[in-house]
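Across the two complexes that follow, chain A remains constant while its partner is chain B and subsequently chain C.
And then the complex of A and B:
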């Protein structure tokens, strides 16, 4: 009984994350995209004009909510600890690599689970690649990989990412003319601002409390045979699946449509869906967590994770400025080359940071 | 006495486990308990009396005694 109780928090959090994501789709977010950290950071990059892909430009309130929700929960729990300085450049580059892989697959690990719960068969290939990438990452961990310890830092250092999030909230609410708002495509599909913000705040707070992490779940099973975090992952899938069946039956936006072809914001190239997520899995293990987790840590005072988030944002801008991101038509030639380079770079960062055991 | 060592890096846990092994104990690696840390790092569970001189390095964060009511701090590494 005690054992089940210890897993209750992560399971409930997973169920709530899944439910919130179904609700956000029902109220306007792109299909199978209640949450997608990679897509939403990419949308933010477009919203402030770092790239000019007209279909994916919007300052997503969900991301702002995630950071601020984690901040509030960390402050409430006296866990707002400002640390950083653990190989920031490596973390920036790894964040960049995560984004290259995620925009090949068209989704972060969280959206991968959400896509699975929507019946998107292509995400099965993504999941296989993700598991493979995490496995490779754990080999580096077992061989002594380390980006070195972080150091305590000045409080300002940990406050800046939440401050950036707050500034973005002011911008999206005020909607000045110099910002970009997609008129069509995924960036134009959005749940109402306050609902999206609330969804982010709830999930951010819960994820800080429970350490929910898509990468951590599979990593911990591989390293320690510990299933705790993976239960959150499975709970999200279950809630999205059931939620989609309910909204589908009710005739609302969303629903469960099993298959490979014609899935929303997805393509059917299995090999590159798989390889994209190998890159996401590998680079995320080296970073110590999935994109969601990086946002949560960034909101909790971790400036290393904030740098990883910036790497993802810049990576997203590059992906769209240079045609690396996939579309519903499939991956691009340049995107394939970028994923292969990303795999080589991540493996090099892994290999060059191996330490001999003391 | 059951104890838990927490670390700043996964590599710190690996190294700690290796030093324990040299002293004749097989420490067990696991995810760090939520009560001890908001981070998702690795901890090592062990029973040998903790000797900072033999077991500590810069990657070690702290050592706790596992007690019926929770955890009691035994050692905290100093940071610059």
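And then the complex of A and C:
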């Protein structure tokens, strides 16, 4: 009983994340994309004009909400702690690699779970790759991989990322003409601003409190036989699945549609779905958490994670400026090369940061 | 008493350091951490492995975890 009680918070958080995702889709987000940290950071990169892929440009309020929700909860729980300086450049590059892999697969680990709950069979290949990537990452950890200690920093350092989020909120609300708003494609599909912001705030606050992390769940089972975080992962899947069945029965937007072909914002190239997520899993383990967790930490004063988030944003811009991102038609040749290079770079960062005496 | 200093490291490293120290140095073991996350993770790991865990705050969000 005691055991179940200690997992209650993470399970409830997972259920709420799943439910919020289904609601956001019902109110306009792209299908199977209530949340997707990679896609939404990519949309933000497009919204401020860092790339010109017209279909994926929008300053997503969900991301802003996640950062500010984490900030509020961290402040409330006296856990706002400004730290940084643990290999920022390696974290930037790893964030970049995560994005290259995620845009090959078309989703971050959170969207992978959401896609699974929507019946997208391609995400099964993604999951296999993700597990494989995490396994490789744990081998580096067992060999003593470390990005070294972080140090306490000036409060400004930890406040800048929440400040950027607040500035983005002002921008998207004011919608000045110099911003980019997709007229068609995934970027044009959006839940109302306030609803999306609220969804982000709720999930951000809960994820901060419970340390929800898609990578951490599988990693901790491999390293310590600790199932705690994985329960959050499973709860998200369960809530999305049930939510989709309800929404489908009610005839609202969304629903459970099992299959491989014709899945929303997805492609059917199994090998590259798998390899993309190997890269996401590996690079995320080296970063210490999935893209969602990086955002949450960035909102809690961790400037190292803020740098990883910036790496993801820049990575997204590169992916769309140079045709590396997949589309519903499938992966691109350049994208495949980028994933292979990303795997080599992540493995090199892993191998060159092994610290035998610790 | 054996002691390791995991302050400044981000998870899962403090847990891995604890696991290694328990294996190589044995119990009782004191672990220093400087955030709530490793405190929870190390406590959970040590309990799951059948150890007795006690922790106390040293102020300024630093904690001392004693595993015996």
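Quick note on the criterion: the second predicted complex is superposed on the first by the 357 of 358 C-alpha atoms of A that agree within 3 Å, B and C clash if a C-alpha of one lies under 4 Å from a C-alpha of the other, contacts with A are read in each partner's own complex, and residues count from 1 in each chain.
Note that contacts are C-beta pairs under 8 Å (C-beta built on N, C-alpha and C of every residue); 3 or more make two chains touch, one makes a residue touch a chain.
Because the structure is predicted, anything quoted here is derived from the model rather than measured.
Judged by the touch definition given at the top, the superposed model places A:150 against both chain B and chain C. Between chain B and chain C, B contacts the larger number of chain A residues.
Of the two partner chains, chain B and chain C are each touched by A:79. Within the superposed three-chain model, A:223 lies in touch with chain B and with chain C [touch as defined at top]. When the two complexes are overlaid on their common chain A, residue A:208 makes contact with chain B while staying clear of chain C. In the superposed model, A:141 makes contact with both chain B and chain C.
Shared contact residues of chain A, touching chain B in one structure and chain C in the other: 77, 79, 81, 141-142, 146-147, 149-151, 211, 216, 220, 223-224, 226, 228, 288, 358.
On chain A, the positions that touch chain C within their shared complex are 6, 77-79, 81, 83, 86, 141-142, 146-147, 149-151, 211, 216, 219-220, 223-226, 228, 288, 302, 304, 358.
Interface of chain B with chain A (complex): residues 8-12, 14-15, 18-19, 29-31, 34, 38-40, 42, 57-59, 79-80. Residues 74, 77, 79, 81, 141-142, 144-152, 208, 210-211, 213, 216, 220, 223-224, 226, 228-229, 288-289, 293, 297, 300, 355, 357-358 of chain A touch chain B in their complex.
Within the complex formed with chain A, the residues of chain C that make contact are 7-13, 15-17, 19-20, 34-37, 40, 44-45, 48, 61.
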